[in-house]
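Below is one structure, written out as structure tokens; comments come after it.
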Amino acid sequence: MFYDDIELGTRLITLMAAAMLVVQFLMVGQRLLPTAIRLFSLQSLFLACLAGTVAYVNQARHVYIAAALTLLLKVIVMPLFLNRILERATEKAEVESHLNTPASILICGGLTLVGYMVAHPFIKPHERGHSTLAVATALFLMGFFLMMNRRKAISQVLGLLTAENGLFLAAISLTYGMPLIVELGIFFDVLIAVMIFGILVYRISEIFDSMDTNKFRRLRG
Amino acid sequence: MNSEAIVVFSFRVCLSAYLAGFASSIVFVRRERVANFFGFSCAGIGGLAGCAASLCALAYGATPTLAVWPFKMPLFTFTIHLDALACFFILVISLLTIAISIYSQGYVTQYYGIKNVSVLAAFFNLLVFCNTLVFCADNAAFFLITWEMMALVAYLLVSFEHEESRTRQAGFLFFAMSHIGTGCLILGFLLLFRATGNFDFLAFHFIGASLSPMERNAAFLLFLIGFGVKAGIIPLHIWLPEAHPVAPSNVSALMSGVLIKSGVYGLVRVLWDFMGTPPVWWGITILLVGSVSALLGVLYALVEHNLKRLLAFHSIENIGIILMGLGASLMFSSFHHPVLAALALMAGLYHTINHACFKALLFLGAGAVLRATKTKSMEELGGLIKKMPWTAFFFLLGSVAISGLPPLNGFVSEWLTYQALLQGFSTTERLVRLIFPIAGALLALTGALAAACFVKAVGISFLAMPRSPEAESAEEAPSSMLLGMLVLALACVMLGLFPSTFLPLLDPICQGLLGQAISARVIGGNGWMLTALGLEQGSISTLGMVSLFLALLPLPWVSWLLFSRKAPHSIGETWDCGLDRLTPQMEYTATAYSKPLRMIFRALYRPRRQVEADFEVSRYFTKSIRFETHIEPTFEKLIYEPLHRAILRVSQRLRWIQAGSLNTYLLYIFITLLLLLLWEKIR
Amino acid sequence: MKLWLAQVVLQLFLALGLSPFVSGFIRKLKAVLQNRRGPSLWQPYHDLFKWVRKGTVVSQQASWLFRATPYVSFLTALMVSLMVPMVTAVVPLSYFGGVLAVVYLLALARFFVALAALDTASAFGGMGSSREMTVSALAEPAMMLSIFTVALTAGSTNLSFMVQAALQHQERFLSPSHILALAAMFIVLIAETGRLPVDNPATHLELTMIHEAMILEYSGHYLALVEWGTALKQLVLMSLLVNIFFPVGIGGALTARTVTVGLIAYVVKLLLLACVVALVETSNAKLRLFRVPELLSIGFILAALALASSFIF
Amino acid sequence: MPLIFLLLAPLAEGLICLLLRSRLLMERVSIASAVINFVLAVIVARHVGRYQTMSVLNGFLFADAMSALVVLLTAFVALMCAFYAVSYLRADLEQARISSGRLKEYYTLTPLFVFAMFLVALANNLGVMWVAIEGTTLASVLLIAFYNQKPSLEAAWKYIIIGSIGISLALFGTLLTYYSAAHVVGIESIEGLNWSRLILEAQKLDPKAMRLAFIFILLGYGTKAGVAPMHTWKPDSYSEAPVPSAAILAAAVSNCALYGIMRFNVLTSRCLGPDFSGSLLLYFGIGSMLLAVPFILVQRSIRRLLAYSSIDHTGIMLVGLGIGSSLSSLGTLLHMVYHAISKPLLFFCAGNVQQKFQSAHFRRIGGGVINVMPVTGTLFLAVALAVTGTPPFCLFQSELTILSACFQNHNLWVGSIFVGCVVTIFAGFLYHIGQLNLGSPPRGVAPSESDWWRLGPMLLLAALVLLLGFWLPSPLYRLIQQAGQIIGSAP
């Protein structure tokens, strides 16, 4: 069928990237933590598919593995884990942010532009997938922004993870992923990171009676 | 065995003796008496060896170079070079070390059981060691190391009695200030380093010529500040009157005698040896700084009633006098009058060694008083000339010397300075020549005020009636202390009466720095006289004065024999205005003594006074009255305190950067990232 | 050599003999100007002789310093009087110390007298010594500067050479610089010799005394020495003034003629100066202590102007 | 071969400690393995010093002089801390600040921590290096949260959040480097990120990618090294972690991060010429030094004081890198070495004082430490002077070297600011440490010095701090020179 139809592959890739961006915007917009977690797994799902497509289109074998790992970890394991923590931590499931939603959305729009600005010199139309670098950068920056904007420990973790997604997307779009060993290492690290985040959040919610990092004002000067 | 070998050998002995003193004191850290004996004896031996080495080097013109540490670092070599200048200053420090280490044997016994004497002895040796190295280090980096080590050890010694908060503050102030100075020195040397590419003093010789005028002047200012802090020139002096008094007196003697001279050494080394022919304004600057320091130093000393603080302020004054000589010398060399330059330099250096002797002597005397009466405040002293006659005599001698009165050494060097200044008048036709006689007049004023100040110091603390039970029960210092003072007293007399034997030692210095050996022209009347480069320009003979004095002594004596011997001679009360008897309360106090000058120089002192009196019947019958007067330390008030406060306030304000909010922290990173991306785009 | 010795001895006795006379002369003159008869011209000699024969009373608080001081001050003054030109420009001991040495030796004498004043534990002594040191300290720079003006033009601090130079360059005589310096020197003279309006030598009113307060405790032999020293000091300063600024009649070389002429001229000049001093003293009231600095600063300014005059006039 | 052992030893230790129960055994194991590590590190260093490089597993692990130096320093610091930790943790147990269960946590995590740092230095592949650096963060978070108090958890949270965002920046940088190399070495080859390969191709890399890459790397690894304004986690974690871990963080981890920056700096400056990266490094270096000043002047807690001082030192090293002359790189590496020996000592002294007085705040301690603990007090004073670059201690030499390089390359203003900062910081330190040490101690504090577990390493370090300023063992000096040639950015 469309085995060697490059165009379609490219279009698919772009489509998924766009979808990820949209999801990111949704995350910035919404207010409930469980939803945010679900959105994250959705975004990761798109990412996995995108990776799969890239692997398929460019016959990059090791990207399949990356895609599979993404599917396994980011779509299934981590969201479950995060939900567990959320239940453990007796805390109303509101994300509290410094800026209100419209402002955040506006800023994220700006960040998307920055992403394009950064990515511009690297966009080479004749090569496949490069168009997504802009999206990747934008995702990264927006994830960063989420971390700044949110107060809850968990929502900061989510921000970080989306930023990671952005990075992964960038990796795929620039160079069809990193060398395999590096990929594995990265995944390993992310996994450990999330577990440690879990442990910390758990302890925090034990010792502080809230997970609002904005209350962390003991150490100053 | 040639002279060079002798010099090297005895110098090695000197250094190792100091180290041995340090080590032995550390070893016997629990056995104070042993540590005291070994530590200070080693210091004394080291001093002797140092004297031998430097005298030999100066006399026979040996200038050996030797390495004190076998290894090298990048940019560093640990070599020392005993040229004439170095040897002169080593002579000064060694001389003082001998006297002070004899003195200390007795002095430190007061600390037994209270403070750890071993530590004192150890650091004393270390201080002398570092200071000696400062004078002969042959590599800028090595110089800086020894320079800062010296400051460090001095800091530890100043903080020796650190239980009083005042002492701690003084120590901090001293070390912080001197570190600022060191910062300037580092920058200055780095400016020179740019031209040479290494730090060797040999390479720096006359390097100034190859710098751009801009850099050259910058270097000059940096060095002036850097060395000026250590020398205690006004307005960089604030640490000096704090640090010197709180240190143990033997240390104060060493600090006031030598440590601050390392600033002078540095200036001479850099400006004469490295900088080449200076622009005129350098000399003017130093001359002015010198005059101001001299005058203000003595003025502040006048209103000071803490004996050691008073002496500290006089150190500032004398540094000023030294700098007057140096400044004049610089001006002469920029007017291309090497001979006069040599004369002025000689005057400055001679005053350096003189001041070292009498200032150390005075500090030792003050130490003896402090040890006997446990108080530094002159208002509580008095009548000590009967309780401790020898100490009083030595102190009096030192006072005569420091007031620049004939026939002692202070007079000789001040006379040389006068001559240099007077001769300088004819070196140029420009208006700037007026500066010489004016400076001379200021020097005269300084001298006279110093005399007034020391009449006060001696008169109030040693003469008349004791003002406190402590002074009442004072006892003469032990013989070792007296011996130490005697050495310095003899030095003062010798330097005063036989300058013609000492001045030739300065020839190699002037020869090396200015290419002029002038002692032959300064010494006249086959050794009896000192001339201003020739009899017709003027001459003095301190020796002549003394002998004349002795020759004339019979006259009044004869008249005594002839007429008044048979008359009745009686001891009576001082006239007490008809009261039953004179009490110490009726004596003139130090405060009262300096009152006229305090009033006259009101503008400088801004004195505040408060009188609390309560009365019985009417305001004519005072039951008790309390009078208290303060003068305002102008420089601290106007410069340092505002600066200090401003810095702290700004720092406090800046603490909000670290306000504890994680989101803000992330924001910093984020903004930095965006800015950098932007920068990268527009770049 | 022999000549030199003779000169020394002669000048010694000249100074010793002349100094009380000058004070006596001024005192007498003042009296006359105030329509009093006043003491005889020889009164000072009588006083000295009286004191010498009288016994001494020494305070029990006093130390050896108190006893030593009169000798120091007297001998120093005597020494100095051998270093200044009096009759001829050939000063017997000019090489022992130039004008700087003169100033500093006088300072030495003052140093010890001021100490001795403190030694007796009497408040007057303290007051006197404090004031004396203050006034003299403030007089110092003016004195130096005015001397410098001469020394610089002569290119020497050796008094013989200074006089010689003054003799050679008559054209400098009464030049602006010369006059200014002279005025300054005169003010210094007033201050240093403790004359009105700075100090009143005649008073024993406690609160106005300066010099007298210092020597209040001295008596007999010691007092004689101190007073004579003071007189010598006054003579020295006056002869400095007259011989450096008016080298009239003073002989360059050492011959019988020059000596006789010089001697006459010297005495005449001294007496003239004494008259001026007496006039000033009678026509001025004593200044408050804190007004004295203003007077002296005027002296300083004048001297400075004298130096700068070559740039001004 | 020693390279592999070097990585295995700490791992093994970690596992063993995980299984052990008794405190004594754990202590012994940790010390034993620390010694082994150090010996191995020395072997590696000597070998590298002789033969320039060594590599195993067909170039997966690769050591040149630079990495050998870092490994050596890390192993040394770890050794010192191992000894110190024994008595420190015992004291904590006695004072019941921790439960005995926590000991296992410490003795398990520390070796993993060390392992990660070794891997940073030895990984040939820049991607793997990134993974390892992230590993150091992960291994140390729980150590910072060790005491499980509110402050320590807060510190840990800030540490991991800032750390991981920084590290992800670095990942982006690495990615871009990989991309810029892609057209040279080809995609999908494991060598695509190998240093040994990239350094050969450096001139051919894609410049615009490298520009971006370096910015990201600088921010990312700069965060880890504590460069202002990414330094904010530093004071918190340094003041809350147990002293040995804090010492490792300050003395070893920052070296690793700098090591990363150095590597990329070489690549960038070979690709773009020295100006780009050089100027960036200078700005950030000076910035960090300036930032440290006010916080040191008005600081209230010892540990935070030390943190700011290490920010200052990072700044100094960045300046040294930024100048980029051979002299300055020499100075930088000297500074790295000296800093790595002086910082632990500083932390140890602070730790002793803190445990003795039960507080790290100057106000609460009062003063008179030198009367209570003579040795600690003296060493504290000495090393405080040392880290502020006061002679005769060694850091003066390195700082002067950097300064000279600064002036040689006509960066007069940088040099002047440098000196200004150093002097002011000195004043601050002198004031605080003086207040702390001198004076008479508060009532109720009995004079007692700590045991030899602590004094041993402290005295050794003090001796080194004093000695190495005047004499570097020639093998070490040679190693430093080789490393200097490697990071000396001129091609």
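Letters A, B, C and D mark the chains as written, and numbering starts fresh at 1 in each.
Basically, a residue touches a chain if its C-beta (ideal position, glycine included) is under 8 Å from a C-beta of that chain, and two chains touch if they have at least 3 such contacts.
In this text the structure is predicted, and so the values were computed from the model without any measurement.
In terms of the stated touch criterion, the partners common to chain A and chain D are B, listed by label. Traced through touching neighbours, the fewest hops from chain A to chain C number 2. Compared with chain D, the chain whose C-alpha mean position is the greatest distance off is C.
A count of contacting C-beta pairs for A-B and for B-C identifies B-C as the more extensively joined pair. Between the Cα centres of chain A and chain B there is a gap of 71 Å. We define each chain's centre as the mean of its Cα atoms; on that basis chain C and chain D are separated by 79 Å.
Computed from the mean C-alpha positions, the centre of chain B lies at a distance of 35 Å from the centre of chain C.
Per-chain CA centroids place chain B at a distance of 45 Å from chain D.
Residue positions of chain A touching 2 or more other chains, listed in rising order: 118, 144, 147, 156, 213, 216, 218-219, 221.
Residues of chain C in contact with two or more other chains: none. Counting partner chains per residue, chain D shows two or more touched chains at residues 157-158, 161, 165, 212, 235, 295, 298. Which chains touch which is summed up as A-B, A-D, B-C, B-D.
Against chain B, the residues of chain A that register as touching in their complex are 98, 114, 117-118, 144-145, 147-149, 151, 156, 213-214, 216-221.
Note for the complex: chain A touches chain D at residues 60, 62, 118, 121-122, 140, 144, 147, 153, 156, 160, 163-164, 167, 170-171, 174-176, 178-182, 185-186, 188-189, 192-193, 196-197, 199-200, 203-204, 207-208, 213, 216, 218-219, 221. Within the complex formed with chain A, the chain B residues making contact are 655, 658-663, 666-667, 670, 673-674, 677, 681.
Listing the residues of chain C that touch chain B in their complex gives 52-65, 70-71, 74-76, 78-79, 82, 93, 95-98, 100-101, 103-105, 107-108, 110-111, 114-115, 117-127, 129-131, 133-134, 136-138, 140-145, 148-149, 151-152, 155-158, 161, 216-217, 220-221, 225, 289-290, 293, 300, 303-304, 307-308, 311. Those residues of chain D whose C-beta lies close enough to touch chain A in the complex are 125, 127-128, 130-131, 134-135, 138, 141-142, 145, 148-151, 153-158, 160-161, 164-165, 168, 171-172, 174-176, 178-179, 182, 187-190, 192-193, 208-209, 212, 235-236, 239-240, 295, 298-300, 304.
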